[in-house]
Every structure is written in structure tokens, then in C-alpha cells.
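So that we are looking at the same thing, I have put the structure below in C-alpha cells.
Letters A, B and C mark the chains as written, and numbering starts fresh at 1 in each.
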Amino acid sequence: MLTYIAKRLLMTIPTLLGAAVLIFFMLRVVPGDVIEVKLRGDGASVTQEVIDAERSRLGLDKPLPEQFTSWIAGLTKLDPGLSMWTGKPVVDEMSVRLPLSIQVAVMGALIATLIAVPMGTLSALYRDSPIDYLLRIFSLVGLAVPAFWFGMVMILLLLWLFNWLPPVIYTPFHVDPIANLSQLIWPALVVGIRYAAVVARMVRSSVIEVMKEDYIRTARAKGLTEKVIIIRHAMKNAMLPAITVIGLEFAFLMGGLVVTEQVFNLNGIGQLFVQAVAHRDFVLVQNIVMFIAAVFVFTNLAVDLLYAAIDPRIRYR
Amino acid sequence: MKNSIWASAGALALAFLAAQGALAQDAKPVRGGILNYGVAGGPHTLDCHAGNSFAVLHHLGPHYSTLMKTDNRNYPNTIGDLAKSWTISPDHLTYTFKLHENVKFHDGTALTSEDVRASFQRIIDPPAGVVSAWRSMYADVKSVEAPDKDTVVFQMSAPNAGMMSIFGSPWACIYSAAKLKEDPKYPEKTVMGTGPFQLVEQVSGSHWTGKRFDGYFRPGLPYLDGFKAIALSSTALINALAGGQIDAEFRGVTPADRQRIQASRGANIRFEEAEGMGLFMVSFNTKVKPYDDIRVRRALTLAVDRWSGIEPMSRISTLKYVSSFQRPGAPDALPKAQLEKLPGFGRDIKAARAEARRLLAEAGVPNLKFTLINRGPDMPYAPFALYLIDQWRQIGVTVDQQVVDTANWAQRRVSGNFSVIVDVTGDWGEDPSFVMARFLSSDSSFNNPTGFSDPKIEQLFQAQKLEFDPAKRTQAVNALENYIVEQVFTMPVFRTVRLLPFATKVKNYPVVPVHNWLGDVSEIWLSP
Amino acid sequence: MTLGTMAASVRVPSRTKPTAWRKMMQFAATQPLGAAGLVTVLVMAIAGALAPYIAPYDPVAISFSDMLAPPSWEHPLGTDNFGRDILSRILYGARTAIVMGLVSALIGSTLGAILGVVSAYFGGVIDLLIQRAVDIFLSLPIIVLALVVVAMLGRNLVLGFDFNLILAISIPIVPQVARVVRSSALSIREMAYVDAARVAGYSTRRIIFRHMAPNLMAPYLIMLTAFIAQAILLEASLSFLGLGVTEPSPAWGLMLAGNAVDFYRQAPWMIIFPGLAISLAVFSFNLLGDSLRDWLDPKARLR
């Protein structure tokens, strides 16, 4: 088991390195960099010497491989560098925004699980009934509605009906729980409903599969009540693939936050990413992408390990 | 009895009139309160000298003083900020400023002329590693001296009629000479000036708070206890204004936004406006055929019906004025009669378009096709380009738009990687010596992307620069502007409006055309 | 079990293979939801294809006199802030959405399928390399990858459609498909008939295309519908962020971008209809895919 974990951990390194190379070179293919936006963006005029001096100060005139190696070297020392746009350390820029994104993601996941698990189970148990159709349609609608449109409409409805807008500044939960929740419940709902749709479908098919298994038939033959069968035997086993999906989708959620944070104007990692791309702040974009890639990779790993830990059949493969 | 009734009636009438009179006067400023306002962007630098975008000054402005400042009650005149009085030598080569005496920095140290000298020195001749974005404006300054602790003297190498305006630049924040000596880059990390407010905290991407500086050199000011600047995307900004979470914004909103905000906040919000400084133009790359042919360029400007288009454009975007390079209300603006004779600004669009078609045919490109490079996705670039494309279609010219982001746009513009590009100005002031400087020939101006060179432009520019008599200067500027519009290497089309929202409790902020400068926040007060 | 399936199961097997028409009818009978999805998709595709003929107005024609008009006989879905007819823009937008969605999904799925099959069939170093690359791409969220590709490539119009955008949308699909197809192909590879074919001396190409591929068709088709839905959604999101289709091309996401939000009180139809269109398209494709899966999955038939 330990060797399995160690092997998997080691395999993440080439993946992350590959992602680093990919994102680094992809970004620099386009003409135009952060200097242009900073010093020439607003229609004002700056001399070429100033531009060249800034470019040299930010190290943008060095050959690409050298820029890459200094970045990676910095990463190993846990110093991702300074944002090209503000000059502040990347670590500072990201750590200010991370709690918000994580909170929205976790709240979204909670909402999703609370909705999806009962929904999917009911759907599976009352298969092909009107309830099943209704819940399946709800799932599909949840997947089909674009998150940005949903969020947009939500805000506009709040403004139109109640003349009220969620607070625009983030307050951490421990400082003022009401302000915090009244701001973050809306994006969490938007993100959570989509998430719920995916998980519900997984739970449904998983429960259906489990209910067909022989041991369920045996339990029924033994005379156990349906309720006991469902709760004690079926759910436990059905939850396994569901947990996998919940875990994997969490990582996908980080991608979904990019658009949601735009719509709700949340000062999170997603919005930082979009702004950094617009500013051509290569350093910030690279590091955010690496961070998200690392989250993905390690979430996948954690889910795999969890699966292996719970399901003894897999361990001995 | 009758007498007393009349007497009381008279007394009542008098009291009533007196009350009316009192109401008619301005209410007295009240001290206290926090002003919450929104900014559509975070500052990318904390160093005024390196900044050139509104987002920088909308945050830094309240913390710093400058030598001179724009008089926002008598725009565009300049008055003294740190300067108490000044004299100009008859040959316009020496400017002597006397400073206020009791000015303190936020850390308690006193301001002397050395601080002013060192700050300007930093702008004019920046040490290694310091970005001085506005250096070129001070090209004519030969030296800055501080002969005694209250006096600063500027020696010019050549006279410049716009110099007093240039001294009023909001970007020339005065820093502490002592701290600059320790670390010339200290303003990039620390906000410490002599302005009416002190920095309390700034959370990147979220908000920026300041509180009253009790040692501010103007007695009784500022009225506000503090302010909070909140970073918001443009849509969120409007939502926040509509939802009552912010009470002001200093860059400007669109008329559609205004309707939306008004619908939510009703009587609690008012809007004030002024002509803006955002001029939207089209620049041609005169080194690329057929834009080297003035007939083609003239045709393209003649085709655009500016006067009819501005009304609908003003309803859906911030573009509200038909304008040439000077703002219509500027002291040196072209008189309307003169403007309407210039290509593209005439009132008879039918004739203009017929002429345009004729010119294109003559130039050999009757069915011209090209790609317009536009910037996005901000407003009002999209409606601007859409309108132009529609207008050009009417003379048989087919245009396809390519929208690129700001970095790409700026880079393409400078490197000449375009045939026709949407161009924009956003100057911080009116003076022709810097507003018109960008239209100098490409080989002498670093901001003329068109590749067009003509010594006559330099000639006319120098003429206005050396003309100190206001009436004569206006004529010289008109001549310059006339000539540039006729050459059509850059064609001006529409100008923005600066439409500002204020909660009704926010008082005493005169709106001026300039949007990248925050203006004087020390005199704002909130009614209880 | 519906009456339809029962009837089908007792039918005397015909000598000829079931025609496509008959298959579709069977599908419609057993999967009513899926049929509804298919019909909606076809209607959208046809409406989009015929847009130049059935759209009442030119979608890019500006008409300031008709700005922000509510739905009426002249403008069934109203007009936007430039006076452009929204119905026409939705119809042309259907064209953009379905072409972009279809082409991106096809390119992505096909490339991914080829990679997956090659990876599974050859194994060894080739498999390892391909899987590493797939891992790397899979570690980046779809929108992040698409965003960077779009920022990187700019615009490249081919026949009126932005080919670089299509590329940006297809790239995230490739690794997803490669992964799934590889595991399917791996299980098939072990099957007896592939061994038999190899022993019989058939060429690799023949084995892949004539023996393995047909059995992968079913999962491929199902995945394709899911990815068309994903592609449509991704294109809408990118256009909304200002990085996808640009003005004045009509695209549903683009109609919601910019300051469309500002007109929500004066002209709510500007926001409602494009959002509904996107939702309907994605919903129909997902419905179709779901029903296809239920119908094609042999195990499910044994209910």
C-alpha cells in the first residue's frame, strides 16, 4: 500500500512539470505583455526607454529558457515570485483570495451533496416513475443552464424585487457570519446546483447498479425490510463511486469558479486568474495554473487512495 | 388690534422670507462620515510617478499633495496646492514657487522645499530602477533648485506656454526627500504623503481605506472622517450603486447605467456630468497602402455621420459629444463654424458621402475592404466600432472587426501591426502642449502610431508653445488642430461624457472633465 | 417495460439488417425523452442552417430608431440596444453554436479516440508517453485551458467561423475522450475475437478499424453528444468573458456579455432569450445522449 502511494506521488512530478512547461510557453506565444497594458493601456504616452527599462526590470528580455528555469527554481524554494502587475509577492496575492474561493467551493459541494444524494437515491429506487423523470429532468436542467446566466439573473432578480445586493466586500466567517453568508450563499448555490446535477446522476446509476447485485437479492430473500436493505447494504456500496465523483468534481469546480466569480464580483482566485490573463501577468497566471493543476492532481490522488482504502478488492490488484 | 394683526402678519412674512433665504444659501459643511466609492480596477503601482491609469490615482489621490493643482471650480485653471504663491520671470524661463509653511507628512515630519525638489528631480531624472512615466512632459525643465526651505525654483531651457498647467499634473506627487534618499523606490511600497487622508489598510483586489490626517495643512479640512475605495468590475460597480452599497464613483457611468441606478435608488441618488476627456478616434497606418493616400483617409472620415450618430450613441454608451482633438468646451477649442468646415464634421452627410465615394473611386479602391483592430471587451469600444463599420458600409466599404485585448492592442499600435486601428486619448488635463504633443510627426513623437511625418505640424506646434498671449495662443492651437484634422492620419470622432453618480448625501464635489484624477476630496462632506 | 419494447422483443427477426429509419423509430418508441431531445436538436440545426433564409432581419444591421423595442409582430423577440432584431440573432446564433459545438466535439472526440485506441493497442512506451501527456492536459480545468489557448492564438476566421476558437474548445475534449476510449479499447483488446484476428494475420490497421472500432461506436456516439453540449456551453462562457466570438457576429454568449445587463429593466428580453437558447440546446443534447446510452447499453436492456 505504501509503495502504491509513493509511486503515485512520484508520478505527479512529471505531470506537474509538464503542465508548467505547457503553460509557460503557451502564454508567451502571443505578442504583447504586461508592460504594454500598464504603461500604454489608458491612451497615455510613455517613451520607449521607459518601456525597455521596465521590461528589463521584470526580466522579460531574458531568453525564454532562462526565464523558465528561474521560475521553476523559485518554486522549489517555495517562492513563486512577484506579480508583474502589482509587484507584490504572488503568495500574498493568492493567499488573500484563497479563503473566499475555498469557502464557495466547500459550500457548493455541501449544497450539492445534500441535494444530490437523496435525489439520486429516490430517483433510482422509484425508477421510471414520474418522480424519476422529474428528478432526471431537474438534473439535466441543472447541467444545461449556463452558470453565468443563472448568476446574472439571480443578481438582477434580487435587485429588481428587493432592491438588495449581496455585500460587495468579503468578510471572513469568523468576523461576521451573517455578512459572509449573505454574500457567498448565492455563488455557492449557482456552483452547487450544477455540481448536484452531476452527482445526482452518478448516485442514481450507482444505486441502480448496486440494487441489481446478488447480495441485495440475498438480503431480500433473508427477509430484511426494504428500508434496512437500502440503508445498511445498498447505500454504503453505492456511495463509493459517488465519492469518487464528488471528489473529482470538486477539482472541476475550481474551474467553474472562474466564471462565477466574474459574475458575482468575488475577490477570489478565479477572478484573479481572469484579471491576470487580461493583464498578461505571466508570473501570476503561471502560478495560479500550477496551483489549480496541483489541486487537480492531488485531489485525484486522494480520491484514488480513498477508493483503494475503502474497497479492499482494488488494493490487491 | 388691526395694527398688531398686520404687525404679526408682517413678522410672519419676514420670517418666511428669511427662511427661504437661508434655504437658498448652501448648507454648511458637516464634519464626519465615511465616503464609500467604487473604482473599476485596482492600482497596479503605489508610485504616482509611474502610474498613468485612473485606477492608480483614484486610490492614491487622497494621500498626496502636489505643487500645483487643477482648480476644480475654475477648470482648467491651475491653483496652488502646496504652493502658496508664485512668480514667473518675464522671459518665462524661471518659475519661483513659495510653499505653505505648516505642511506635515503623515509620519509627522515637516515638508520643506527639499522634498519638492527631490520629488521633481525623481520625475525629471529618475534613478535606476524607477519608472517615471511622465518624464517627457518636463523635457524643457533644465533644473530644479531649493534656495531656502520655503522656495522652489525651476529653470527652463526653453519657454513653454503650457508649463503652469504641467506643474498642476496630479501625477507629480510630492514624496519625502529623506525617505527617497534612503530608498528611491520607497513610494512603490509605502504610501506616505502630505495629503488630507492617511492610509489605513489596503486589501488587494478588495478595498482600500483611509482616515483623516489631523495634521493636514489646510485648517478645518478634510470634512470626511475617512473613505473606503472598493475595487469592483464595471457591472458590479453599477450593481453596487443600485444596491446602495457605494455612494459615488469618479470615472463615469453610461446613461443606461444611470437609468438602472435611478430605478433602484430613486430620490437618493443624483447625477452630475461634464464633458469627458476620452476621445475616440481612428488611426491609419500611413505606411500601408492605400492609407498612404490622403484621398482614401478623407473618404473614410467623410463617410461617418457624426452629428446624427451621436444621439443614439449617447443613449447606449458614454460617447456623448462630437469632438475634435480639443474638448468642445475647452478654452482653445475650434469654433463650431470652423469645425463644421473640416472633413467629417460637416452637416450635409449626403454630400459628404458622395464626395467620399468619388474620392475612393479616384484613388482606385472603390470597394475597399479592411480589418479594423479594436480593443475589448470594455465599453465603449464595441459600440464605437459597430457604428463606424455601419457607416463605412454606406459608401461600399466592407470592414471586419478584430477585437484584441489591451496588451495586444497597445503592442500592435506601437509596432505598426495594423492598417486601421481604434485609438483613444485619456489626458489628465487640457493644455495643448501635451494634449497635441501626441500628434507630432512619428519621428519626433513616440506616441504617433500612424507613421505620418510633416514638418508643418512641428512648426505649428512650436508656434502655440511659444505664444503666451491667451487669445493669440488659441488661434495658434486652432491652426494646429485644423491642419491635423485635415491630414486625417488620425480621425477624431466622438468624445465621452463624464457622468458621475452621487448619493444625495454626498456634497460639494464639482465635476470636471478629467476622469483619471480623483479631484479634491478634502472638501467633500456628507449630510447627516 | 413499455408496450413498444415488448412488441419489439417478440417480433420475428427479419432477414435484412434493420434500416436506419427503423432504428430511429425504435429509438423514438422506447425513449420518448430522447426523441424529444433529438427533434429539438434537429429543429435547431435546421433553423441555424436556414437562418439566412428564414431570419426576418440582418443580424448585424443597426437600426437606432428601433432600439430596445419590446417583442411585437415586427420583432417577435424584441430588439437590443443597437436596434438589432433578437430573433434573427438567435437564429444565426444557433448556427454558430451548433457548428462550433459539432465541429469542436467532432475534432476533439476523433483525435481523442484515435489517441486512445493507438495508446491501448500499442501499449508500452507509446502508451506511457500518450498517457503522460493526457495527464498533463487533464490537470488543467477546461475553461482555464481554453482561456489560455484563446489568449494565445487570437482570431483566425475560416468560412466565417473562428477556427482558433474551435481549436481552443476541442483541445480540452481530446484528453477526456482519449482516457475513456483507451480503457474501453483495453478491455476489448483482451477479448477473444481480437486475438483471433491477430492470429489470423490481419494487419493492425484492419484490426483497429474493422474489429475494435465498431464496438467503440456506441460509447463514442454517447460521448459525442455530451461533448457537443460541453462545447456549446464553453463557447458561450468564453464569448461572455469577451474571449470567444466577437462582435458583430451573433452568438448566444456574446448577446449576454458587455453591458447587456444594464438594460435588464428596459429590455429584459435581451437577457432572457439568449440564456434560454443556450439552456435549451445543451439540455437537448444531454437528453439525447442520456437516452442513447440507455438504449445502446446492452446490459440495460435486460431489465
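Note that contacts are C-beta pairs under 8 Å (C-beta built on N, C-alpha and C of every residue); 3 or more make two chains touch, one makes a residue touch a chain.
This one's a predicted model, so the numbers in the text were calculated from it and none came from an experiment.
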Set A-C beside B-C; more C-beta pairs touch across A-C
Of all chains shown, smallest offset between own Cα centre and global Cα centre goes to A
When centres are defined as mean Cα positions, the distance from chain A to chain B in whole Å is 41
When centres are defined as mean Cα positions, the distance from chain A to chain C in whole Å is 23
Per the C-alpha centroid definition, the whole-Å distance linking chain B and chain C comes out as 48
Chain C residues touching 2+ other chains are 151, 154, 241, 261, 264-265
Where chain A touches two or more other chains simultaneously, the residues are 30, 262
Among all residues of chain B, those touching at least two other chains are 235, 404-405, 408
So, in the complex, the side of chain A touching chain C is made of residues 14-16, 18-19, 22-23, 26-27, 29-30, 133, 136, 140-141, 143-149, 152-153, 156, 160, 251-252, 254-256, 258-259, 262, 273-274, 277, 285, 289, 292-293, 296-297
Given the complex, residues on chain C that touch chain B span 62, 64, 67, 81-82, 151, 154-155, 157, 241-243, 246-248, 257-259, 261-266
The answer for chain A against chain B in the complex is residues 30-34, 36-48, 50, 53-54, 57, 85-88, 92-93, 96-97, 155, 159, 163-165, 167-170, 262, 264-265, 267, 271-272, 275, 278-280
The chain B residues in contact with chain C across the complex are 234-235, 238, 254, 256-257, 259-260, 263, 309, 311-312, 315-316, 376-377, 379, 382-383, 385-387, 389-390, 400-405, 408
Residue positions on chain C within touch of chain A in the complex are 33, 132-133, 135-144, 147-149, 151-154, 229, 233, 236-237, 240-241, 253, 256, 261, 264-265, 271, 274-275, 278-283, 286-287, 290
